[in-house]
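One chain, subunit A, appears in both complexes that follow, with subunit B as partner in the first and subunit C in the second.
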Partner chain A sequence: MAAASAIKAIHQTMLRAAQPARFVELSGMLIPWVAALGAAMFVAGLVDGLALSPPDYQQGETVRIMYMHVPAAWMGLFVYALVAGLGGLGLVGGHPLAFAAARAAAPLGAMFTAVCLITGSLWGKPMWGAWWVWDARLTSMLLLLFLYFGHIALSRAFDDPRRGDKAAAVLGLVGCVNLPIVKFSVDWWNTLHQPASVMKLGGPAIDPSMLWPLLLMAAAFKLIFFALWLVRTRTEVVGARLRAAASRSRMEGER
Partner chain B sequence: MNAFVAVLRRDLLLALRDGAGTWTVLGFFAIAVAVFPLGVGPEPQVLARIAPGVLWAMALLAALLSLETLFEADYRDGSLEPLLSGALAPELLVLAKALAHWLATGLPLAIAAPVLGIFLNLPTEAMPVLLASLLLGTPVLSLLGAVGAALALGARRATVLLAVMVLPLSAPVLIFGAGAVESAQTGLAATPSLLILGSVALVALAVCPVAAAAALRQAVE
Partner chain C sequence: MTRRRQRLILLGVGMAAVALAAVLVISALGDSLTFFYGPSDLLARPDAATHRVRLGGLVEPGTVSREGTMVRFTVTDGKSSLPVRYAGVLPDLFREGQGVVAEGRLTPEGGFVAETVLAKHDEKYMPPDVAAVLKKNGEWRAQQ
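What follows is the complex of A and B.
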């Protein structure tokens, strides 16, 4: 009973925070702190990853690309799941803030996916001798980027933005089939890309001296995303209110 | 069930009376395949090596070409709305229209593919697998295409949008379809790829009508 009422209370609080006016106020307070914390962790992670952590016994100094590449890949997948989830939430609950948040998050996810592909390419040249190979991990990650493109294009393709939001939400949910393929591609197929060494059964197979800067960077990426996402969602919400106010004043002018 | 057959018959009749649809798609398929020998040169070994991928990729593009019209005419003349609120559940309506689309485009593409395979010097042993893989794969393209076409209804630049949406989603079909033909060509067993293709088709059959129906409801809202 207590748990149920606690969940209800949390739900109520979230709903209140999701009211557009309240959201603009809350996010305005949050953004500087999240951004500052993210920037600090980013600097700390970079210093730790690029200077303090040891080079790899096989890959040498190039292993340091990992501290950008892996967090970006995680974010690419995480943000897609988030966009799909928000879209689903919007379709079921019809809350406009969910759609605004999804529209704000999708280009950020595409950016992280692109960073992952570019850093991976820079890493692939010295290690594999090729900028690009068509193995399952790389291909499924490229498809993820294309799914982001489809989502972004569809959500902006209609005169009525609500229709674009809903259509993009459906596409986002359908595209979710790609997420497990990306994650498990290194296990299902014999890929040139190495298998998972952090999130796997039996604990991470990576030395703490490398795991720490990696986790630091992962946390920094998440915070930076969160800050940018709040800014973009806020802009969407404020923009929608401005447009509503403009059309109201136009109607009053005509009368 | 009667309503399902009625929609299927109506769409097939429209496709037959129009006629141009099927022949345009087949014509595009033949010309697009014929472009490759012109581009890469006429060496039989090279052509045979790329034949499975070329045939599959061009069949995919040809199927894509015909998708825009799937719901467009009904949407424009207003008959989509009564169809959606009629006796037939929207999911079954999608299924009927996708089936009609497949019969009018996917099936002819699959039948035409072995003939074009001869052009590309594809060995005769691989022909049955080519046919089987296309018979399993083209329904998925029609189903995925139904989702894409429903989502793009009324959008600006719908044609390009449709390609951006449907092509990434159809990647598994292309990979395992062309993979099956390639295994048959090199003397390996094609059954694993065909089985995966079949399972992809079953998943698409379960998921796509629901997604497309949701998109159609949004379109007429």
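What follows is the complex of A and C.
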């Protein structure tokens, strides 16, 4: 019973925070702190990853690409799940902030996915001997980027923004099947890409001296995303209110 | 039943249908999504003799020899192995006991002529001194 009432209280608090006016106020307070913490961790992670951490016994200094590539890949997957979840929330609950937050997050997820693909290509050439191969991991990650593009295009393809949001939400949910494919492609099929080093059964296969800067960068990417996402969602909310005010004053002028 | 609950159920059923479709498609595609075959899988495939294929496995230690630009080595998957011949530049990570993916054709003599050779590394990352200690203490395990 206590748990049920606690969940109810949290839900109420979240609904209050999601009221447009309250959200603009709250996000305005949060953004500078999240951005500053994210930037500080990013700088610390870069210094640790590029200068302090050791080279790899096989890959030498090239291993340092990992500190950008892996966090970007994780964010590409995480943000997609977030966009799909927000789309589902919008479809079921009809809360306008859910669609606004999904629209705000999708281009950021596409950016992380692109960073993952580009840094992966730069890493593949010296290590594997190829910029690109069509193995299951690389191909499913490219598909993830195209799913983002589809979401971004669909959500802006209709005169009525509600219709665009709904169409994009359906695409986002259907595209979720690609997430386990990306993650497990390296286990289900023979790929040139290596299997998982960190999130695997039996614990990480990375030395702690390289795992810590990697996790630091991953946390920095999360915070930077969160700050940018808040800024973009806020812009969507304020934009919607401006458009509503403009159409109100037009109607009053016609009267 | 409220409209919200109706939409939630519809969403759940829809997601379950999409997931089922995905599982069916992936299991139907089977190993056609695989990037390479090990020597024993490759030799068991009827189309391997006539098509360009990718052979993957470990470079068997002690089998690498060079004459000019021509490199010869044996690729093994623990069960069977294939002698590979390749004229070209090898990737930096090409080493004995390491993973390798060679693209090319089987020869009638039972060998493999590679047109490209790619290096495949495993998921282990560690500093050189840690690797040296592990090797010294005999705790080093080759790729599983």
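Things worth noting here:
Here is the rule we use: the second predicted complex is superposed on the first by the 255 of 255 C-alpha atoms of A that agree within 3 Å, B and C clash if a C-alpha of one lies under 4 Å from a C-alpha of the other, contacts with A are read in each partner's own complex, and residues count from 1 in each chain.
The working rule: a contact is a pair of C-beta atoms (placed from the backbone, for glycine too) under 8 Å apart; a residue touches a chain by one contact, two chains touch by 3 or more.
Being a predicted model, the structure only gives us computed values, none of them experimental.
In the overlay built on the shared chain, the residue A:Leu173 is in contact with subunit B and with subunit C. In the superposed model, A:Phe158 makes contact with subunit B only, not with subunit C. In the superposed pair of complexes, A:Val63 makes contact with subunit C only, with no contact to subunit B. In the overlay built on the shared chain, the residue A:Gln194 is in contact with subunit C alone; subunit B does not reach it. Once the two complexes are laid over each other on the shared chain, residue contacts for A:Phe149 go to subunit B alone; subunit C is not touched. A simple residue count on subunit A separates subunit B from subunit C, and the partner touching more is C. When the two structures are aligned on the shared chain, A:Ser121 is found in touch with neither subunit B nor subunit C. Shared contact residues of subunit A, touching subunit B in one structure and subunit C in the other: 91, 173-174, 177.
On the subunit A side of its complex with subunit B, the touching residues are 91, 139, 143, 146-147, 149-150, 153-154, 157-159, 163-164, 166-167, 170-171, 173-175, 177-178.
By the touch criterion given at the top, residues 147, 151-152, 154-158, 161, 164-165, 167-169, 171, 203, 207-208, 211, 214-215, 218-219, 221 of subunit B touch subunit A in their complex. Taken together, the subunit C residues at the contact with subunit A in this complex read 4, 7-8, 11, 14-15, 18-19, 21-22, 26, 31, 33-38, 56, 89-93, 101, 116-132. Against subunit C, the residues of subunit A that register as touching in their complex are 54-59, 63, 66, 88, 91-94, 126-130, 133-136, 173-174, 176-177, 181, 188-192, 194-197, 200, 205-207, 209-210.
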